[in-house]
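What follows is chain A paired twice: with chain B in the first complex and chain C in the second.
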Partner chain A sequence: MATYTLISSNTLASSTSTVTFSSIPSTYTDLCIRGSVRLASAVQIGTLYMRINAATTTYSWTRLRGNGATASSSRGTTGTEIQIGLQTGASATANTFGSFELYIPNYAGSTNKPFSSFAVAENNSTTAGQSAIETFAELWSTTSAITSLTFSDYGTPDNMLSGSSFYLYGISNA
Partner chain B sequence: MLQVQPSPFTESKDNMATTYEKIATTTLSSAAASIDFTSIAGTYTDLRLVIVGKYTSAGGNTRIVFNSDTSSLYSSTRIAGDGTSASSDRLTAQANLRLNFDGNSTTIPDLLTVDIFSYAGSTFKTSLITSSEDKNGSGSVIRTVGLYRSTTAITSITINLSSSTMAAGTIATLYGIKAA
Partner chain C sequence: MAETPTKVVVNCTTGVTEVLPLTAQEIADMETARVAAEDQRAAAEADAAVVAAAKESANAKLAALGLTAEEISALSK
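And now, the complex of A and B:
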(Lines of atoms letter the chains of each structure in order from A and count residues from 1; the text may use other names and numbers.)
(Lines give C-alpha, C1' and ligand atoms only; values in the text may rest on other atoms or scores of the structure.)
Protein backbone atom coordinates (compact mmCIF):
# COMPACT_ATOMS: atom_id res chain seq x y z
CA MET A 1 0.00 0.00 0.00
CA ALA A 2 1.22 3.46 -0.79
CA THR A 3 2.03 5.56 2.25
CA TYR A 4 0.09 8.65 1.21
CA THR A 5 -3.00 7.90 -0.88
CA LEU A 6 -5.81 10.00 -2.27
CA ILE A 7 -9.01 8.37 -1.00
CA SER A 8 -11.47 10.82 -2.50
CA SER A 9 -11.80 14.38 -3.73
CA ASN A 10 -14.50 16.81 -4.69
CA THR A 11 -14.36 20.14 -6.49
CA LEU A 12 -17.76 21.81 -6.41
CA ALA A 13 -19.35 22.48 -9.79
CA SER A 14 -22.15 24.49 -8.15
CA SER A 15 -22.96 25.96 -4.77
CA THR A 16 -23.41 23.21 -2.21
CA SER A 17 -24.42 23.28 1.44
CA THR A 18 -22.51 20.21 2.63
CA VAL A 19 -19.70 17.99 1.42
CA THR A 20 -19.45 14.52 2.91
CA PHE A 21 -16.76 11.88 2.72
CA SER A 22 -18.58 8.71 3.72
CA SER A 23 -17.64 5.05 4.09
CA ILE A 24 -14.04 5.99 4.89
CA PRO A 25 -12.12 2.71 5.05
CA SER A 26 -10.29 1.85 8.26
CA THR A 27 -7.25 0.55 6.42
CA TYR A 28 -5.09 3.64 6.92
CA THR A 29 -3.35 4.95 10.01
CA ASP A 30 -4.05 8.68 9.72
CA LEU A 31 -6.20 10.97 7.60
CA CYS A 32 -5.27 14.29 6.04
CA ILE A 33 -7.85 16.60 4.49
CA ARG A 34 -6.83 19.59 2.42
CA GLY A 35 -9.37 22.04 1.10
CA SER A 36 -10.00 25.43 -0.41
CA VAL A 37 -13.33 27.12 0.30
CA ARG A 38 -15.25 30.30 -0.51
CA LEU A 39 -18.52 30.68 1.38
CA ALA A 40 -21.69 32.09 -0.16
CA SER A 41 -22.40 34.22 2.90
CA ALA A 42 -22.12 37.98 2.30
CA VAL A 43 -19.12 38.32 4.60
CA GLN A 44 -15.40 38.86 4.14
CA ILE A 45 -14.58 35.75 6.14
CA GLY A 46 -16.74 33.07 7.71
CA THR A 47 -16.23 29.87 9.62
CA LEU A 48 -16.16 26.42 8.08
CA TYR A 49 -17.32 23.59 10.36
CA MET A 50 -17.16 19.81 10.35
CA ARG A 51 -19.15 16.95 11.84
CA ILE A 52 -17.66 13.52 12.41
CA ASN A 53 -19.89 10.49 11.86
CA ALA A 54 -22.80 12.98 11.79
CA ALA A 55 -22.40 13.42 15.55
CA THR A 56 -23.62 16.63 17.19
CA THR A 57 -21.84 16.29 20.56
CA THR A 58 -18.42 15.82 22.25
CA TYR A 59 -16.48 18.38 20.23
CA SER A 60 -13.97 20.78 21.78
CA TRP A 61 -11.26 23.00 20.40
CA THR A 62 -8.55 25.47 21.36
CA ARG A 63 -7.77 28.16 18.80
CA LEU A 64 -4.91 30.53 18.07
CA ARG A 65 -5.79 33.35 15.64
CA GLY A 66 -4.09 36.28 13.94
CA ASN A 67 -6.29 38.77 12.12
CA GLY A 68 -3.73 41.11 10.64
CA ALA A 69 -3.58 43.29 13.75
CA THR A 70 -3.67 41.16 16.87
CA ALA A 71 -3.20 37.57 18.03
CA SER A 72 -5.79 35.94 20.25
CA SER A 73 -6.84 32.59 21.65
CA SER A 74 -10.18 31.08 22.61
CA ARG A 75 -11.85 27.71 23.01
CA GLY A 76 -15.18 25.98 22.65
CA THR A 77 -16.58 22.91 24.37
CA THR A 78 -20.28 22.77 23.58
CA GLY A 79 -20.72 22.97 19.83
CA THR A 80 -22.84 20.65 17.72
CA GLU A 81 -20.02 20.71 15.17
CA ILE A 82 -16.34 21.62 15.33
CA GLN A 83 -14.67 24.71 13.91
CA ILE A 84 -12.19 24.08 11.12
CA GLY A 85 -11.33 27.72 10.59
CA LEU A 86 -12.12 30.95 8.78
CA GLN A 87 -12.45 30.88 5.00
CA THR A 88 -13.23 33.70 2.60
CA GLY A 89 -16.86 34.74 2.02
CA ALA A 90 -18.75 36.18 -0.91
CA SER A 91 -17.87 39.78 0.03
CA ALA A 92 -14.14 39.10 -0.15
CA THR A 93 -11.99 40.03 -3.12
CA ALA A 94 -13.21 38.14 -6.16
CA ASN A 95 -11.59 34.82 -6.97
CA THR A 96 -10.05 34.40 -3.52
CA PHE A 97 -10.55 31.20 -1.55
CA GLY A 98 -9.51 30.22 1.94
CA SER A 99 -7.40 27.11 2.51
CA PHE A 100 -7.19 24.56 5.30
CA GLU A 101 -5.46 21.37 6.31
CA LEU A 102 -6.66 18.84 8.88
CA TYR A 103 -4.50 16.03 10.25
CA ILE A 104 -6.39 13.27 12.07
CA PRO A 105 -4.14 10.54 13.52
CA ASN A 106 -5.31 7.09 14.60
CA TYR A 107 -8.80 7.81 13.24
CA ALA A 108 -9.84 4.16 13.35
CA GLY A 109 -8.59 3.58 16.89
CA SER A 110 -10.59 3.22 20.09
CA THR A 111 -9.30 6.25 21.97
CA ASN A 112 -10.48 9.85 21.97
CA LYS A 113 -9.51 11.62 18.74
CA PRO A 114 -7.17 14.61 18.94
CA PHE A 115 -6.41 16.31 15.65
CA SER A 116 -5.08 19.57 14.24
CA SER A 117 -6.39 22.20 11.86
CA PHE A 118 -4.59 25.01 10.09
CA ALA A 119 -6.73 27.52 8.17
CA VAL A 120 -6.01 30.73 6.31
CA ALA A 121 -8.11 33.40 4.57
CA GLU A 122 -6.24 36.20 2.83
CA ASN A 123 -7.94 38.61 0.44
CA ASN A 124 -5.77 41.73 0.15
CA SER A 125 -7.97 43.74 2.50
CA THR A 126 -6.48 46.75 4.28
CA THR A 127 -8.93 46.28 7.16
CA ALA A 128 -7.87 44.13 10.08
CA GLY A 129 -10.30 41.32 10.74
CA GLN A 130 -11.08 40.73 7.08
CA SER A 131 -8.35 38.16 6.75
CA ALA A 132 -7.17 35.52 9.20
CA ILE A 133 -4.68 32.81 10.00
CA GLU A 134 -5.73 30.20 12.54
CA THR A 135 -4.48 26.98 14.03
CA PHE A 136 -6.52 24.66 16.23
CA ALA A 137 -6.03 21.86 18.69
CA GLU A 138 -9.18 19.84 18.07
CA LEU A 139 -10.71 16.99 20.07
CA TRP A 140 -13.57 14.60 19.43
CA SER A 141 -14.06 12.88 22.79
CA THR A 142 -15.39 9.65 21.37
CA THR A 143 -13.84 6.22 21.05
CA SER A 144 -15.67 5.27 17.84
CA ALA A 145 -13.75 4.90 14.61
CA ILE A 146 -14.21 7.80 12.22
CA THR A 147 -16.10 6.69 9.12
CA SER A 148 -17.49 9.94 7.74
CA LEU A 149 -16.64 13.63 7.66
CA THR A 150 -19.08 16.38 6.68
CA PHE A 151 -18.06 19.97 5.96
CA SER A 152 -20.52 22.85 6.02
CA ASP A 153 -21.20 26.41 7.07
CA TYR A 154 -23.62 25.10 9.70
CA GLY A 155 -23.97 28.42 11.43
CA THR A 156 -25.87 30.38 8.82
CA PRO A 157 -26.41 27.91 7.13
CA ASP A 158 -25.24 28.83 3.69
CA ASN A 159 -23.54 27.31 0.71
CA MET A 160 -19.96 26.79 -0.32
CA LEU A 161 -19.39 28.31 -3.72
CA SER A 162 -18.47 26.64 -6.97
CA GLY A 163 -14.74 25.98 -7.19
CA SER A 164 -14.41 25.04 -3.53
CA SER A 165 -12.41 21.82 -3.28
CA PHE A 166 -11.79 19.02 -0.79
CA TYR A 167 -9.17 16.27 -0.86
CA LEU A 168 -9.15 13.32 1.54
CA TYR A 169 -5.86 11.42 1.89
CA GLY A 170 -5.11 8.24 3.80
CA ILE A 171 -1.68 7.81 5.37
CA SER A 172 -0.46 4.33 6.18
CA ASN A 173 2.36 3.32 8.49
CA ALA A 174 1.93 -0.36 7.65
CA MET B 1 -26.01 16.65 0.63
CA LEU B 2 -23.34 15.63 -1.79
CA GLN B 3 -21.98 12.12 -1.29
CA VAL B 4 -18.48 11.63 -2.63
CA GLN B 5 -17.44 8.21 -3.82
CA PRO B 6 -13.96 6.80 -3.21
CA SER B 7 -11.46 7.70 -5.88
CA PRO B 8 -10.29 4.97 -8.26
CA PHE B 9 -6.79 6.38 -7.82
CA THR B 10 -5.95 4.52 -4.63
CA GLU B 11 -2.57 3.01 -5.39
CA SER B 12 0.66 4.37 -6.75
CA LYS B 13 1.84 2.98 -10.03
CA ASP B 14 4.79 0.65 -9.62
CA ASN B 15 7.03 2.87 -11.71
CA MET B 16 6.08 6.07 -9.92
CA ALA B 17 8.62 7.49 -7.49
CA THR B 18 7.36 7.44 -3.93
CA THR B 19 7.88 10.77 -2.22
CA TYR B 20 6.39 10.03 1.20
CA GLU B 21 7.50 6.81 2.87
CA LYS B 22 7.23 5.28 6.28
CA ILE B 23 10.65 4.69 7.75
CA ALA B 24 9.62 3.12 11.05
CA THR B 25 6.74 3.05 13.50
CA THR B 26 6.37 2.11 17.16
CA THR B 27 3.21 1.39 19.09
CA LEU B 28 3.95 0.89 22.76
CA SER B 29 2.56 -2.30 24.25
CA SER B 30 3.67 -1.22 27.71
CA ALA B 31 4.85 2.00 29.33
CA ALA B 32 8.26 3.24 28.20
CA ALA B 33 10.52 6.13 29.13
CA SER B 34 11.62 6.75 25.56
CA ILE B 35 11.21 5.77 21.92
CA ASP B 36 14.25 5.66 19.65
CA PHE B 37 14.49 5.79 15.89
CA THR B 38 18.02 4.77 14.95
CA SER B 39 20.07 4.21 11.79
CA ILE B 40 18.03 6.74 9.84
CA ALA B 41 19.22 6.63 6.25
CA GLY B 42 20.32 9.86 4.60
CA THR B 43 18.40 9.12 1.43
CA TYR B 44 15.44 11.42 2.04
CA THR B 45 15.18 15.19 1.84
CA ASP B 46 13.09 15.84 4.95
CA LEU B 47 11.72 13.86 7.87
CA ARG B 48 8.28 13.97 9.45
CA LEU B 49 7.61 12.56 12.92
CA VAL B 50 4.02 12.00 14.05
CA ILE B 51 3.30 11.17 17.70
CA VAL B 52 -0.04 10.32 19.29
CA GLY B 53 0.99 10.41 22.91
CA LYS B 54 -0.58 8.82 25.98
CA TYR B 55 1.03 9.20 29.39
CA THR B 56 1.11 7.36 32.72
CA SER B 57 0.99 10.50 34.84
CA ALA B 58 0.14 14.12 34.20
CA GLY B 59 2.38 17.11 34.03
CA GLY B 60 5.45 16.16 32.03
CA ASN B 61 6.41 17.50 28.65
CA THR B 62 7.57 15.67 25.55
CA ARG B 63 10.88 16.43 23.88
CA ILE B 64 13.26 14.98 21.32
CA VAL B 65 17.01 14.59 21.07
CA PHE B 66 18.94 14.14 17.84
CA ASN B 67 21.91 11.78 17.57
CA SER B 68 21.88 11.30 21.38
CA ASP B 69 23.35 14.80 21.57
CA THR B 70 22.36 16.51 24.83
CA SER B 71 24.78 19.39 24.56
CA SER B 72 23.25 22.87 24.57
CA LEU B 73 22.66 23.08 20.84
CA TYR B 74 18.87 23.33 20.81
CA SER B 75 16.78 26.49 20.67
CA SER B 76 13.16 27.24 19.83
CA THR B 77 10.62 30.02 19.40
CA ARG B 78 6.93 29.32 19.79
CA ILE B 79 3.53 30.93 19.48
CA ALA B 80 0.84 29.51 21.72
CA GLY B 81 -2.83 29.82 22.52
CA ASP B 82 -4.27 28.57 25.81
CA GLY B 83 -7.91 29.30 25.09
CA THR B 84 -7.74 32.73 26.72
CA SER B 85 -4.71 34.54 25.38
CA ALA B 86 -2.00 34.27 22.76
CA SER B 87 1.66 34.39 23.69
CA SER B 88 5.13 33.85 22.30
CA ASP B 89 8.45 33.03 23.93
CA ARG B 90 11.73 31.26 23.27
CA LEU B 91 14.23 28.86 24.74
CA THR B 92 17.95 28.92 24.01
CA ALA B 93 20.93 26.67 24.73
CA GLN B 94 18.76 23.70 25.64
CA ALA B 95 19.78 20.04 25.94
CA ASN B 96 16.74 18.93 23.92
CA LEU B 97 13.98 20.24 21.71
CA ARG B 98 10.73 20.60 23.63
CA LEU B 99 7.61 19.64 21.68
CA ASN B 100 4.94 20.84 24.11
CA PHE B 101 4.70 22.96 27.22
CA ASP B 102 1.29 22.40 28.67
CA GLY B 103 1.69 19.23 30.73
CA ASN B 104 0.65 15.85 29.38
CA SER B 105 -2.68 14.23 30.16
CA THR B 106 -3.32 10.68 31.35
CA THR B 107 -6.77 10.51 29.78
CA ILE B 108 -6.67 12.45 26.51
CA PRO B 109 -4.05 11.68 23.84
CA ASP B 110 -2.19 14.55 22.21
CA LEU B 111 -1.02 15.04 18.66
CA LEU B 112 2.55 16.15 18.07
CA THR B 113 4.16 16.52 14.65
CA VAL B 114 7.72 17.48 13.81
CA ASP B 115 8.90 18.35 10.30
CA ILE B 116 12.70 18.25 10.13
CA PHE B 117 14.11 19.93 7.05
CA SER B 118 17.34 18.93 5.25
CA TYR B 119 18.16 16.56 8.10
CA ALA B 120 21.05 14.95 6.22
CA GLY B 121 22.66 18.21 5.14
CA SER B 122 25.70 19.96 6.53
CA THR B 123 23.96 23.08 7.83
CA PHE B 124 22.13 23.63 11.11
CA LYS B 125 18.80 21.77 11.29
CA THR B 126 15.49 23.66 11.36
CA SER B 127 12.25 22.02 12.37
CA LEU B 128 8.57 22.97 12.51
CA ILE B 129 6.65 21.54 15.45
CA THR B 130 2.90 21.40 16.02
CA SER B 131 1.34 20.57 19.37
CA SER B 132 -2.41 19.99 19.47
CA GLU B 133 -3.57 19.37 23.03
CA ASP B 134 -7.19 20.33 23.49
CA LYS B 135 -8.45 18.74 26.73
CA ASN B 136 -12.14 19.63 26.55
CA GLY B 137 -12.05 22.82 28.58
CA SER B 138 -8.33 23.24 28.99
CA GLY B 139 -5.20 22.64 26.94
CA SER B 140 -3.35 24.53 24.27
CA VAL B 141 -2.39 24.83 20.64
CA ILE B 142 1.27 25.58 19.94
CA ARG B 143 3.41 26.07 16.86
CA THR B 144 7.18 26.06 17.35
CA VAL B 145 10.20 26.59 15.17
CA GLY B 146 13.17 24.59 16.45
CA LEU B 147 16.86 24.80 15.68
CA TYR B 148 19.56 22.19 16.26
CA ARG B 149 22.93 23.91 15.82
CA SER B 150 24.83 20.97 14.44
CA THR B 151 26.19 20.38 10.96
CA THR B 152 26.14 16.61 11.46
CA ALA B 153 23.48 14.63 9.62
CA ILE B 154 20.66 13.40 11.85
CA THR B 155 20.77 9.62 12.07
CA SER B 156 18.77 9.03 15.23
CA ILE B 157 15.85 10.61 17.09
CA THR B 158 14.95 9.92 20.71
CA ILE B 159 11.56 10.86 22.12
CA ASN B 160 11.44 11.20 25.90
CA LEU B 161 9.66 13.08 28.66
CA SER B 162 10.69 15.60 31.28
CA SER B 163 8.94 13.37 33.82
CA SER B 164 6.72 10.28 33.81
CA THR B 165 6.57 7.71 31.02
CA MET B 166 4.68 7.20 27.79
CA ALA B 167 1.77 4.81 28.24
CA ALA B 168 0.82 1.73 26.28
CA GLY B 169 -0.94 2.76 23.10
CA THR B 170 1.40 5.65 22.31
CA ILE B 171 2.13 5.67 18.58
CA ALA B 172 5.19 7.25 16.98
CA THR B 173 5.84 7.08 13.26
CA LEU B 174 8.79 8.47 11.30
CA TYR B 175 8.26 9.27 7.62
CA GLY B 176 10.81 10.22 4.98
CA ILE B 177 9.97 12.75 2.27
CA LYS B 178 11.89 12.85 -1.00
CA ALA B 179 12.30 15.86 -3.23
CA ALA B 180 13.86 13.75 -5.95
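And now, the complex of A and C:
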Protein backbone atom coordinates (compact mmCIF):
# COMPACT_ATOMS: atom_id res chain seq x y z
CA MET A 1 0.00 0.00 0.00
CA ALA A 2 1.33 3.38 -0.92
CA THR A 3 1.94 5.84 1.90
CA TYR A 4 2.39 9.62 1.81
CA THR A 5 4.90 11.12 4.24
CA LEU A 6 5.24 14.87 4.70
CA ILE A 7 8.97 15.49 4.29
CA SER A 8 8.94 19.27 4.75
CA SER A 9 6.69 22.27 4.32
CA ASN A 10 6.88 26.03 4.40
CA THR A 11 4.33 28.82 4.57
CA LEU A 12 5.80 32.21 3.73
CA ALA A 13 5.73 34.72 6.57
CA SER A 14 6.76 37.48 4.16
CA SER A 15 7.37 37.90 0.44
CA THR A 16 10.32 36.00 -0.92
CA SER A 17 12.10 35.35 -4.22
CA THR A 18 12.57 31.59 -4.20
CA VAL A 19 11.58 28.62 -2.06
CA THR A 20 13.99 25.68 -2.12
CA PHE A 21 13.61 22.19 -0.70
CA SER A 22 17.24 21.04 -0.38
CA SER A 23 18.90 17.76 0.67
CA ILE A 24 15.81 15.76 -0.30
CA PRO A 25 16.35 12.20 0.99
CA SER A 26 16.49 9.45 -1.65
CA THR A 27 14.57 6.95 0.47
CA TYR A 28 11.14 7.32 -1.15
CA THR A 29 9.76 5.91 -4.39
CA ASP A 30 8.15 9.11 -5.72
CA LEU A 31 7.74 12.76 -4.74
CA CYS A 32 4.59 14.86 -4.62
CA ILE A 33 4.60 18.62 -4.12
CA ARG A 34 1.44 20.53 -3.34
CA GLY A 35 1.31 24.27 -2.97
CA SER A 36 -0.69 27.45 -2.98
CA VAL A 37 0.83 30.66 -4.33
CA ARG A 38 -0.06 34.31 -4.82
CA LEU A 39 2.47 36.09 -7.03
CA ALA A 40 3.62 39.67 -6.44
CA SER A 41 3.43 40.61 -10.13
CA ALA A 42 0.66 43.11 -10.91
CA VAL A 43 -1.29 40.67 -13.09
CA GLN A 44 -4.46 38.61 -12.68
CA ILE A 45 -2.61 35.42 -13.56
CA GLY A 46 1.11 34.66 -13.68
CA THR A 47 3.32 31.62 -14.10
CA LEU A 48 5.15 29.68 -11.42
CA TYR A 49 8.42 27.99 -12.44
CA MET A 50 10.73 25.39 -10.92
CA ARG A 51 14.40 24.46 -11.14
CA ILE A 52 15.61 20.96 -10.31
CA ASN A 53 19.00 20.64 -8.59
CA ALA A 54 19.53 24.33 -9.53
CA ALA A 55 19.92 23.26 -13.17
CA THR A 56 19.21 25.79 -15.93
CA THR A 57 19.04 23.41 -18.93
CA THR A 58 17.34 20.29 -20.39
CA TYR A 59 13.77 21.21 -19.49
CA SER A 60 10.83 20.59 -21.86
CA TRP A 61 7.07 20.50 -21.50
CA THR A 62 3.75 19.89 -23.24
CA ARG A 63 0.90 22.04 -21.98
CA LEU A 64 -2.88 22.11 -22.10
CA ARG A 65 -4.54 25.38 -20.98
CA GLY A 66 -8.09 26.69 -20.58
CA ASN A 67 -9.53 29.86 -19.07
CA GLY A 68 -13.25 29.60 -19.75
CA ALA A 69 -12.95 31.59 -22.95
CA THR A 70 -10.23 29.85 -24.95
CA ALA A 71 -8.36 26.56 -24.87
CA SER A 72 -4.89 25.91 -26.22
CA SER A 73 -2.09 23.39 -26.38
CA SER A 74 1.60 24.09 -26.81
CA ARG A 75 5.07 22.71 -26.29
CA GLY A 76 8.34 24.28 -25.12
CA THR A 77 11.87 22.94 -25.24
CA THR A 78 13.91 25.88 -24.01
CA GLY A 79 14.19 27.84 -20.81
CA THR A 80 16.39 28.04 -17.77
CA GLU A 81 13.55 26.70 -15.60
CA ILE A 82 10.41 24.66 -16.20
CA GLN A 83 6.84 25.97 -16.08
CA ILE A 84 4.75 24.52 -13.28
CA GLY A 85 1.59 26.36 -14.19
CA LEU A 86 -0.55 29.44 -13.74
CA GLN A 87 -1.01 30.94 -10.29
CA THR A 88 -2.95 33.92 -8.99
CA GLY A 89 -1.29 37.34 -9.32
CA ALA A 90 -1.40 40.45 -7.18
CA SER A 91 -4.09 42.14 -9.32
CA ALA A 92 -6.58 39.35 -8.58
CA THR A 93 -9.21 39.52 -5.86
CA ALA A 94 -7.61 40.11 -2.46
CA ASN A 95 -6.58 37.03 -0.50
CA THR A 96 -7.09 34.61 -3.40
CA PHE A 97 -4.34 32.08 -4.13
CA GLY A 98 -3.59 29.63 -6.91
CA SER A 99 -2.88 25.97 -6.25
CA PHE A 100 -0.76 23.29 -7.87
CA GLU A 101 0.33 19.67 -7.60
CA LEU A 102 3.40 17.95 -9.03
CA TYR A 103 4.00 14.21 -9.13
CA ILE A 104 7.58 13.08 -9.76
CA PRO A 105 7.98 9.29 -10.07
CA ASN A 106 11.35 7.57 -9.57
CA TYR A 107 13.01 10.86 -8.60
CA ALA A 108 16.09 9.15 -7.18
CA GLY A 109 16.64 6.87 -10.18
CA SER A 110 19.30 7.11 -12.88
CA THR A 111 17.03 7.76 -15.86
CA ASN A 112 15.49 10.95 -17.28
CA LYS A 113 12.82 12.51 -15.08
CA PRO A 114 9.34 12.81 -16.62
CA PHE A 115 6.66 14.14 -14.29
CA SER A 116 3.24 15.79 -14.24
CA SER A 117 1.98 19.16 -13.12
CA PHE A 118 -1.53 20.44 -12.54
CA ALA A 119 -2.15 24.09 -11.65
CA VAL A 120 -5.05 26.48 -11.19
CA ALA A 121 -5.21 30.26 -10.86
CA GLU A 122 -8.45 31.25 -9.17
CA ASN A 123 -9.69 34.83 -8.82
CA ASN A 124 -13.00 34.27 -7.02
CA SER A 125 -14.59 35.87 -10.07
CA THR A 126 -17.37 34.79 -12.41
CA THR A 127 -15.67 36.47 -15.38
CA ALA A 128 -14.23 34.14 -17.99
CA GLY A 129 -10.51 34.67 -18.48
CA GLN A 130 -9.81 35.75 -14.91
CA SER A 131 -9.22 32.21 -13.71
CA ALA A 132 -7.41 29.46 -15.56
CA ILE A 133 -6.24 25.87 -15.44
CA GLU A 134 -3.14 24.21 -16.88
CA THR A 135 -1.84 20.68 -16.95
CA PHE A 136 1.63 19.67 -18.12
CA ALA A 137 3.58 16.66 -19.26
CA GLU A 138 7.00 17.71 -18.00
CA LEU A 139 10.50 16.37 -18.65
CA TRP A 140 13.90 17.03 -17.15
CA SER A 141 16.26 15.20 -19.53
CA THR A 142 18.90 14.44 -16.95
CA THR A 143 19.73 11.16 -15.23
CA SER A 144 20.86 12.61 -11.89
CA ALA A 145 18.83 11.89 -8.78
CA ILE A 146 16.69 14.84 -7.72
CA THR A 147 18.02 16.33 -4.48
CA SER A 148 16.60 19.85 -4.58
CA LEU A 149 13.59 21.73 -5.97
CA THR A 150 13.33 25.52 -6.23
CA PHE A 151 10.12 27.44 -6.90
CA SER A 152 9.85 31.03 -8.16
CA ASP A 153 8.29 33.09 -10.94
CA TYR A 154 11.85 34.31 -11.72
CA GLY A 155 10.31 37.63 -12.75
CA THR A 156 11.28 39.97 -9.97
CA PRO A 157 12.84 39.63 -6.54
CA ASP A 158 10.44 38.78 -3.70
CA ASN A 159 7.85 37.57 -6.24
CA MET A 160 5.81 35.22 -4.03
CA LEU A 161 3.61 36.82 -1.38
CA SER A 162 3.12 36.08 2.29
CA GLY A 163 0.76 33.16 2.90
CA SER A 164 1.98 31.16 -0.09
CA SER A 165 2.62 27.58 1.01
CA PHE A 166 4.58 24.54 -0.17
CA TYR A 167 4.33 20.92 0.97
CA LEU A 168 6.79 18.19 -0.09
CA TYR A 169 5.64 14.58 0.30
CA GLY A 170 7.54 11.35 -0.18
CA ILE A 171 5.54 8.38 -1.49
CA SER A 172 6.59 4.88 -0.56
CA ASN A 173 5.20 1.93 -2.48
CA ALA A 174 5.42 -0.46 0.44
CA MET B 1 17.00 51.97 1.28
CA ALA B 2 15.05 49.01 -0.07
CA GLU B 3 15.38 45.77 1.84
CA THR B 4 17.47 43.03 0.25
CA PRO B 5 15.27 40.40 -1.47
CA THR B 6 15.21 37.07 0.28
CA LYS B 7 15.09 33.35 -0.45
CA VAL B 8 13.75 30.51 1.69
CA VAL B 9 15.76 27.30 1.94
CA VAL B 10 14.21 24.26 3.64
CA ASN B 11 16.78 21.55 4.40
CA CYS B 12 14.80 18.32 4.20
CA THR B 13 17.44 16.29 6.02
CA THR B 14 18.00 18.55 9.03
CA GLY B 15 14.55 20.14 9.07
CA VAL B 16 16.15 23.59 9.32
CA THR B 17 14.52 26.47 7.41
CA GLU B 18 16.60 29.55 6.62
CA VAL B 19 15.55 32.92 5.21
CA LEU B 20 18.61 34.30 3.44
CA PRO B 21 19.35 37.45 1.41
CA LEU B 22 19.75 36.99 -2.34
CA THR B 23 23.30 37.49 -3.59
CA ALA B 24 24.03 40.07 -6.27
CA GLN B 25 24.56 37.18 -8.71
CA GLU B 26 21.17 35.68 -7.87
CA ILE B 27 19.47 39.05 -8.42
CA ALA B 28 21.23 39.36 -11.80
CA ASP B 29 20.24 35.78 -12.71
CA MET B 30 16.62 36.59 -11.91
CA GLU B 31 16.68 39.57 -14.25
CA THR B 32 18.20 37.39 -17.00
CA ALA B 33 15.47 34.80 -16.46
CA ARG B 34 12.78 37.50 -16.59
CA VAL B 35 14.03 38.75 -19.96
CA ALA B 36 14.24 35.18 -21.32
CA ALA B 37 10.70 34.41 -20.13
CA GLU B 38 9.35 37.54 -21.81
CA ASP B 39 11.07 36.57 -25.07
CA GLN B 40 9.61 33.07 -24.84
CA ARG B 41 6.14 34.44 -24.12
CA ALA B 42 6.33 36.84 -27.08
CA ALA B 43 7.44 34.03 -29.39
CA ALA B 44 4.56 31.81 -28.23
CA GLU B 45 2.05 34.61 -28.81
CA ALA B 46 3.44 35.20 -32.29
CA ASP B 47 3.12 31.48 -33.09
CA ALA B 48 -0.47 31.49 -31.85
CA ALA B 49 -1.29 34.49 -34.01
CA VAL B 50 0.07 32.72 -37.10
CA VAL B 51 -2.03 29.63 -36.35
CA ALA B 52 -5.16 31.73 -35.78
CA ALA B 53 -4.67 33.56 -39.07
CA ALA B 54 -4.14 30.28 -40.94
CA LYS B 55 -7.28 28.83 -39.37
CA GLU B 56 -9.33 31.86 -40.36
CA SER B 57 -7.99 31.68 -43.92
CA ALA B 58 -8.75 27.94 -44.16
CA ASN B 59 -12.29 28.47 -42.89
CA ALA B 60 -12.88 31.19 -45.48
CA LYS B 61 -11.69 28.88 -48.27
CA LEU B 62 -13.92 26.07 -47.03
CA ALA B 63 -16.89 28.45 -46.95
CA ALA B 64 -16.08 29.52 -50.50
CA LEU B 65 -16.27 25.87 -51.51
CA GLY B 66 -19.82 25.76 -50.18
CA LEU B 67 -19.42 24.19 -46.73
CA THR B 68 -21.81 25.47 -44.07
CA ALA B 69 -20.56 26.92 -40.77
CA GLU B 70 -21.73 23.74 -38.99
CA GLU B 71 -19.81 21.54 -41.42
CA ILE B 72 -16.64 23.62 -41.01
CA SER B 73 -16.97 23.52 -37.24
CA ALA B 74 -17.45 19.74 -37.33
CA LEU B 75 -14.09 19.30 -39.07
CA SER B 76 -12.21 20.49 -36.01
CA LYS B 77 -14.10 18.37 -33.46
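Here is the rule we use: the second predicted complex is superposed on the first by the 162 of 174 C-alpha atoms of A that agree within 3 Å, B and C clash if a C-alpha of one lies under 4 Å from a C-alpha of the other, contacts with A are read in each partner's own complex, and residues count from 1 in each chain.
Operating definition for what follows: a residue touches a chain if its C-beta (ideal position, glycine included) is under 8 Å from a C-beta of that chain, and two chains touch if they have at least 3 such contacts.
Small disclaimer: the values here were computed from a predicted structure and weren't measured.
Between chain B (first) and chain C (second), which, if any, makes contact with A:Leu139: first, second, both or neither?
Once the two structures are laid over each other on A, A:Leu139 reaches chain B alone.
For A:Ser23, using the defined touch cut-off, is the partner it touches chain B, chain C, both, or neither? Pick first, second, both or neither.
both
If you stack the two complexes on chain A, which partner ends up touching A:Glu122: first (chain B), second (chain C), both, or neither?
neither
In the overlaid three-chain picture, which partner chain does A:Ile7 touch, first (chain B) or second (chain C), both, or neither?
both
Look at A:Pro114 in the shared chain and tell me whether it touches chain B only, chain C only, both, or neither; answer first, second, both or neither.
Once the two structures are laid over each other on A, A:Pro114 reaches chain B alone.
For A:Gly79, is the partner it touches chain B (first), chain C (second), both, or none of the two (neither)?
In the superposed model, A:Gly79 contacts chain C only, not chain B.
For chain A, give the residues common to its interface with chain B and its interface with chain C.
Looking at chain A, the two contact sets intersect at 7-10, 12, 16-23, 25, 72, 74, 166, 168.
Spell out the part of chain A that touches chain B in their complex, as residue ranges.
1-10, 12, 16-23, 25, 29-30, 60-66, 71-75, 77, 103, 105-106, 111-112, 114-116, 135-139, 141, 150, 166, 168, 171-174
Okay, in this complex, where on chain B does chain A touch?
1-7, 9-12, 18-22, 25, 50, 52, 54, 79-86, 88, 107-111, 113, 130-137, 139-141, 143, 169, 171, 173, 175
For chain C, which residues count as touching chain A in their complex?
Listed in rising order, the residues are 5-15, 17, 19, 22, 26-27, 30, 32-34, 36-37, 40, 44, 47-48.
Using the touch definition up top, name the residues of chain A that touch chain C in the complex.
7-10, 12, 14-25, 47, 49, 72, 74, 76, 78-81, 152, 154-158, 166, 168
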